[in-house]
Amino acid sequence: MDKNTLLEILKGVEGGAISPDEAASKLSTLSYENLEFANVDHHRALRTGFPEVIYCEGKSPHQITAIANSLWTKSPTALIATRANKDAFDAVRNVCPNAVYHQASRLVTVGETPAFTEETVAVVTAGTADIAVAEEAAITLTMLGVPVERVYDVGVAGLHRLIGNLDKIAKCSVVIVVAGMEGALASVVGGLVSAPVIAVPTSIGYGASFGGLAALLSMLNSCASGVGVCNIDNGFGAAWLAYRILKK
Amino acid sequence: MDKNTLLEILKGVEGGAISPDEAASKLSTLSYENLEFANVDHHRALRTGFPEVIYCEGKSPHQITAIANSLWTKSPTALIATRANKDAFDAVRNVCPNAVYHQASRLVTVGETPAFTEETVAVVTAGTADIAVAEEAAITLTMLGVPVERVYDVGVAGLHRLIGNLDKIAKCSVVIVVAGMEGALASVVGGLVSAPVIAVPTSIGYGASFGGLAALLSMLNSCASGVGVCNIDNGFGAAWLAYRILKK
Amino acid sequence: MDKNTLLEILKGVEGGAISPDEAASKLSTLSYENLEFANVDHHRALRTGFPEVIYCEGKSPHQITAIANSLWTKSPTALIATRANKDAFDAVRNVCPNAVYHQASRLVTVGETPAFTEETVAVVTAGTADIAVAEEAAITLTMLGVPVERVYDVGVAGLHRLIGNLDKIAKCSVVIVVAGMEGALASVVGGLVSAPVIAVPTSIGYGASFGGLAALLSMLNSCASGVGVCNIDNGFGAAWLAYRILKK
Amino acid sequence: MDKNTLLEILKGVEGGAISPDEAASKLSTLSYENLEFANVDHHRALRTGFPEVIYCEGKSPHQITAIANSLWTKSPTALIATRANKDAFDAVRNVCPNAVYHQASRLVTVGETPAFTEETVAVVTAGTADIAVAEEAAITLTMLGVPVERVYDVGVAGLHRLIGNLDKIAKCSVVIVVAGMEGALASVVGGLVSAPVIAVPTSIGYGASFGGLAALLSMLNSCASGVGVCNIDNGFGAAWLAYRILKK
Amino acid sequence: MDKNTLLEILKGVEGGAISPDEAASKLSTLSYENLEFANVDHHRALRTGFPEVIYCEGKSPHQITAIANSLWTKSPTALIATRANKDAFDAVRNVCPNAVYHQASRLVTVGETPAFTEETVAVVTAGTADIAVAEEAAITLTMLGVPVERVYDVGVAGLHRLIGNLDKIAKCSVVIVVAGMEGALASVVGGLVSAPVIAVPTSIGYGASFGGLAALLSMLNSCASGVGVCNIDNGFGAAWLAYRILKK
Amino acid sequence: MDKNTLLEILKGVEGGAISPDEAASKLSTLSYENLEFANVDHHRALRTGFPEVIYCEGKSPHQITAIANSLWTKSPTALIATRANKDAFDAVRNVCPNAVYHQASRLVTVGETPAFTEETVAVVTAGTADIAVAEEAAITLTMLGVPVERVYDVGVAGLHRLIGNLDKIAKCSVVIVVAGMEGALASVVGGLVSAPVIAVPTSIGYGASFGGLAALLSMLNSCASGVGVCNIDNGFGAAWLAYRILKK
Amino acid sequence: MDKNTLLEILKGVEGGAISPDEAASKLSTLSYENLEFANVDHHRALRTGFPEVIYCEGKSPHQITAIANSLWTKSPTALIATRANKDAFDAVRNVCPNAVYHQASRLVTVGETPAFTEETVAVVTAGTADIAVAEEAAITLTMLGVPVERVYDVGVAGLHRLIGNLDKIAKCSVVIVVAGMEGALASVVGGLVSAPVIAVPTSIGYGASFGGLAALLSMLNSCASGVGVCNIDNGFGAAWLAYRILKK
Amino acid sequence: MDKNTLLEILKGVEGGAISPDEAASKLSTLSYENLEFANVDHHRALRTGFPEVIYCEGKSPHQITAIANSLWTKSPTALIATRANKDAFDAVRNVCPNAVYHQASRLVTVGETPAFTEETVAVVTAGTADIAVAEEAAITLTMLGVPVERVYDVGVAGLHRLIGNLDKIAKCSVVIVVAGMEGALASVVGGLVSAPVIAVPTSIGYGASFGGLAALLSMLNSCASGVGVCNIDNGFGAAWLAYRILKK
């Protein structure tokens, strides 16, 4: 909770407009809605510039509908649900009939956010199989109002493909690199551009990728300095970090 | 086997009421029933205050029915079966028609236990997706006669939700924290309350949670002293530890 | 920060005794002392009943002396420093000439705390080599004012040694089991007593103990319900959990 | 290949009965049958006293039929197929109409072997869920001509169940302990009997059993000396080791 | 290699000023100096705004002197050497007598870089033991011309310490969180500020931190979106990522 | 990109036949075709002697058809698709009606390549269950124009089977060893032949093979010097390494 | 505790020779001696045929002397101490001046045990570097009264060395295979002999042996059935298992 | 043992020149020398073209001298000892006064082998810190009679350094890539050259390299097909594989 809000409430107390008990309660309850199974964080739009996002895994359709309803009532412009299957999509559609389902990336989106910046984020993949994760990042960025440059299938096994697209990548303010297998693309891109690089390992690969562990360790050990790593297959998190960087 | 029982039997031998051979046999066989595939532990109610609980995973419906029958015959007041699917539920219902199935938490319960204490256990989750595990703990506690305070979806990404509920949590004698992903809630709660904290990592999370390993290691390394950790997704074990603490 | 303090300060603001700005500052700074490299938590004694404990690993002697000084000035009755080597001991002695060094358990203690309870904590080890960790727990408990019953070297390879001591263990309100190798003692004790069991894996063992991992996993998977597990070799944490249980 | 056979062939060469080229070829090809996809080892019955066993995993029904045919033709008294599903059973039945399918343990057996010894092997499980693996061991032993004593569900959480059955176990020449979760039973049995103990970890358990890893490490680190460990869920291997011990 | 340089050289070839062979050679050799055991990258200052940094681990003093000489000759304003022991410091001093050794963080620095921005990077630690890694980040940032705000020892076990410093942190454009043990601080800070958060796990902790693995996994699984993770103990890499963010 | 091509283009620029801008573009775009979701690498046939191979995992049928079309248009003699299911096969057949599906090894192949060498590669398996991976290697080799000698089911549990086939293996120029379980065959073969040995661990095995990890580590630690290891179940990669060795 | 002893004491109680209280106490205390830090297990000689063995790791010289004294007083014929350094040796010599120190295997032995059997145990190593562990097994066997046949440095990289020694190995009743690196020797020997095979992985090897993990997994996954695995570097445990086999 | 030798001996038997017993003995003992603690493999020079190499780790100086003596007596032209410390060097010098010690790579070499081929092996490193391992490979190759091209410190963080040296690398028949950290160099080189690539991960790197695991997994998952991986830091093994490739 930021200090300004705290001071404001305290000043209300000083001026007598707010009783101490009310103030204490306010501090706790103003900013989220209790649905028993969820405390929907309405304060997040203030803190981050975008409403809370629904992570669908492990939630029942009934719960998703209720959360979507709570969010859409307060912030009826844009909504994102991640890791959504078809049932989760239907659960959101109960509230927002215009919801769109992006099957490969398992996102549900509603509404639009106009771009708040002209800076662009490059979303780069090593292979075609990494695109599902990359799209989770790219669509999220668009929803957050960030322009995106997609550069797909430029893995290091055919370096000329990367170099042929370097121009496009080098113009961007932030570069998200999505790669499975050995994840070497993050290091190579990190050595070629000066923008911050966000690396997303994917679970694509033969046996010893161990579900993305190989790419994860590879990216954490990148010989190119200045690479920040996200969780395996977490395109959403990478997009949010890029958004933080452009919003700061 | 506790010493008192041992002494009693020995005194019976001394007094001639029990022959040595009988005594030896008694020591071995009195306290459980042999069903070939299971040795149902009827002594457990004496040792722990509650009958043996049926762990359904890897047991056939036929075996579950037989064990339930053996338990219910000796202790016809309350029965718990964990990790139960629909078939296991039906297997218990063969014996106890009033059995209730808690689908999300995969528990079958029969009967009730009146509360033996006024002390309350808080069951706290980081997210909505952790509720299935939390309910395994909460329902088990109720079955064991322990009052429960549920506080769900107060993860550290929106700290004000936790602080708004701190009051409720701080009144409890034991706090069970159920969290997936990075499991940070256990440390934060551990730093805010003085009651014993029981941490249950869940398998909820993106790739590098490695089935709950991330939250497990996180909780074991809690910077807040005095946190006891249970197995991944083991809400039942956490409830039992809380019960031991209140029963001691 | 507990609600009572919050309300008190807010009431001060309401009554005009405290200005909002002062209040905000008070909330932040009252309760700890900033030494640049450390924020000594003077609020902890209120929260937990015992002052902050100095974890010496990674701290310079100079830092330890300064922290000890800050703590001893505010709470001149008892002080604990953990993971202390000889230099750390000397660093504490600069401030507290009566400090005592417990070499095997690497603790430095100053002063005494009278027992606040008659309930006793059993500290049980599987082997002689586990005693260093057990003593970290036992001495910490004594410092916290908790009576201790030591039962050492009763591992399951010679079960009669455990059964011969069961009496002593069963009388205690909490049982701390310290074991390396396969850590089976935690499960066996957990099956024999009804008190809460706190399990501490140790790093004692041949190659495939992998620094205590074997005992750790073993204890987390205990077939006896109601065992809470602490970090490898963390006798201090186990003591603190026992203290929380007895203090609740 | 044993030296006697080598010497015999060499003497044949010396005496002129066998040409060097024939000898070299004989050494290579006499003892197995080449089915393109399999080299059925007919020499194994000589080496080990029992024909090669068919490990069905990864083999097509056609391949299983062909191997069964090759084995049954040479050794038409007894046959074992492990890790068999229903299709594998049918594939064996094409050759041996009397084949029996043991569903829980996934074994197919044909024929019988009269007991070659009066020594008995105890097969002991911690829980009911471990019985499938235990039966793989017990049925294999019977097929190999070894008497079996089954003692199931005597895990250490209720130690009196184990002690009540100790008599039966202690009479056996070899003890196979099958346990999941923390696998403590192996250590406890190892401390109570003087016979060789063969420990089989199972994949039964909550999350942090990591597919049997917890029990495996536990058994490898047993504080009771003289425990030999087999692969996770490998009841067959344990039976074979017991057989080697009794056959030596 | 960026496109502009490529085009320039190609235009030189077109205009006849450069022969094709020269061009090809130029492309390869202009930008680094071959010392046999090292190819010092003089192009890096152009690409990144700062000369190559010497990673001392595994390099002999002789090699370090030669590399430092090569770098200082071309860019005689500022130089950084990381993971330096005393010998490495002496090796740099052979070339740059004004070199400074930062023992705790194992950095050698020479010269100064004036701040290129008024934006500030917060470097926050959970404990005092994490300061060595934090200083690697803070000193590197200063060398790169970035203002730093240090906030040390504000781990979540005493949340009021963090909240009391939130003001200072929230004013910064980028936040680097350095934490060992369970690394929860990254998630909590990530939920409280809107700036990009760079998380650095440290190897500080008891046994089951497994050399920083616990904090690493924790940070990768942060429930607060938008956290980029660096390698264990890699304060330098975190600083460089912050620098990329501010330089973009 | 090889130097010759670079020089040629540069000479074109020098002679005025190519403008610098054209040259830069040429360098980037000549050698692959952009399908949005894939950059098909037409340069690979020049670099490696065989067109790009389609890795089907994670690609939609539509994508596979488009890539197959792009490849077959440029190189209408031979095509390989790996990790193909039935849908992927149909997707290739849309373009190449003569495509053949190898179900066990999950390969789709089109066309033929005449053998370019008389040297032979031995493909050796430990068991029958390893054949699927071995066939991925063997069929790939045939497609690449390399003669193959298959030697299947000669694992070390029946060493005479291996020795009986040693002749055939020892005549080959390269030996690929495919083995699951403990992977010992790679070491034994490595000690018996002087040709280079390529080891492919498979995921065949009981629980503690951990998906091929046991065989992988075993092969990496081979006591026979000169064994190169490929990824788990990666028969294709082994074939390609053999091809590189024979093509060099 | 075996049943006979139990019955005897109970009969004493029945006959009045022993009071119940005495009996209970007897059961607990008769069989071990409490040294505060150790409960020396004097019952072990009865149970296993050999006195308790001192595991020196983590024990102080003072403790070792006391335990040695307690053991030697009761069983003054033979004594073994494992994992002993020079100080531990001196600690034993205080009690037994004739103690012998076996430096490579870190054993201290006192006295002799005449062979109780003519059956022999083969101790086989893959390399010279595995001999330290092998000697721990071989010397322990000798102390236990078991004849030993040493066959060292016959790893599979030079299979003829193994085959040249097969004769000697095949004559033995039990075979202990000690191997590091990939541990393939266990499987190869297991396929060549019919005796029970005890496999001991060692920590000898390059990086990816991960302290013996590679050999451990290899041995657990042996394709030769009937191999029992011991802990890494645990020659002592292997010897004890062999002893159990021969004693049964 | 190769078939030719077998046939020869068999023919000797046929002709009466050799008795069967002699033959059997010859087969076993001719080809190695038994030093009790080592079976020196004199047959290896025939099988591989170079005498056995002494792996010094875990061998005493006395053992090394004896093995060196045995080898040098039979093959007095060239000798290699790996993983040698100063004592091992002295142990070899007892036998071969001309021995040379290569400290960084821990090799001892004696004598020379003239080049048997004009084909060259490139030894390429990512960084300067990888050179110790690279030199183990390069010096071993020279000893085996293979010309070497060293290309050091061309990691992907500065891709122009690699491209500037590509010419030299592309001319070689085999490429050994030695890299720590994320090991991306192997994939990039694998995509740029058509020769077989042998990848050697090194243990160089920050915390999450986990002793070379990151580079190892990275190389095993290389997106460039046809990369064979060796053990961590095993330059010797890589050299031997290259030698096998050139010798085939």
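Chains: A, B, C, D, E, F, G and H, in written order; residue numbering restarts at 1 for each.
Convention: contacts are C-beta pairs under 8 Å (C-beta built on N, C-alpha and C of every residue); 3 or more make two chains touch, one makes a residue touch a chain.
All of these numbers come straight from a predicted model, not from anything done at the bench.
Its C-alpha atoms fitted onto chain G, chain C is found rotated by 90°, rounded in steps of 5.
Chain pair with the larger contact count among B-G and F-G is F-G, by C-beta pairs in contact.
Averaged Cα coordinates give chain B a centre that lies 25 Å from the centre of chain C. Our note on geometry: chain B versus chain F, Cα centroid distance of 52 Å, whole angstroms. Here the spacing of chain D and chain H, counted between their Cα centres, is 40 Å.
Here the spacing of chain A and chain B, counted between their Cα centres, is 37 Å.
The set of chain F residues touching two or more other chains comprises 1, 3, 127, 157-159, 166-167, 192, 205-206, 208-210, 213, 216, 220-221, 225, 231, 237.
By the contact rule set out at the top, the touching chain pairs are A-B, A-C, A-E, A-F, A-H, B-C, B-D, B-E, B-G, C-D, C-E, C-G, D-F, D-G, D-H, E-F, E-H, F-G, F-H, G-H. The residues of chain A lying in touch with chain B in their complex are 1, 27-29, 31-32, 36-39, 41, 43-44, 52, 55, 57-59, 63, 67, 201, 203, 211-213, 216, 231-234, 237. If you check the complex, the residues on chain G that touch chain H are 127-132, 152-154, 157-161, 163-165, 204-210.
In the complex of the two chains, the chain H residues touching chain D come out as 3, 6-7, 10-11, 13-14, 16, 19-21, 23-24.
Residue ranges of chain D in contact with chain G, taken from their complex: 1-3, 47-49, 53, 119, 166-167, 170, 173-174, 192, 194-198, 216, 220-221, 225-232, 236-237, 240-241, 243-245, 247-248. Chain C makes touch with chain D in their complex at residues 126-127, 155-159, 181-184, 187-188, 190-192, 205-206, 208-210, 213-215, 217-225.
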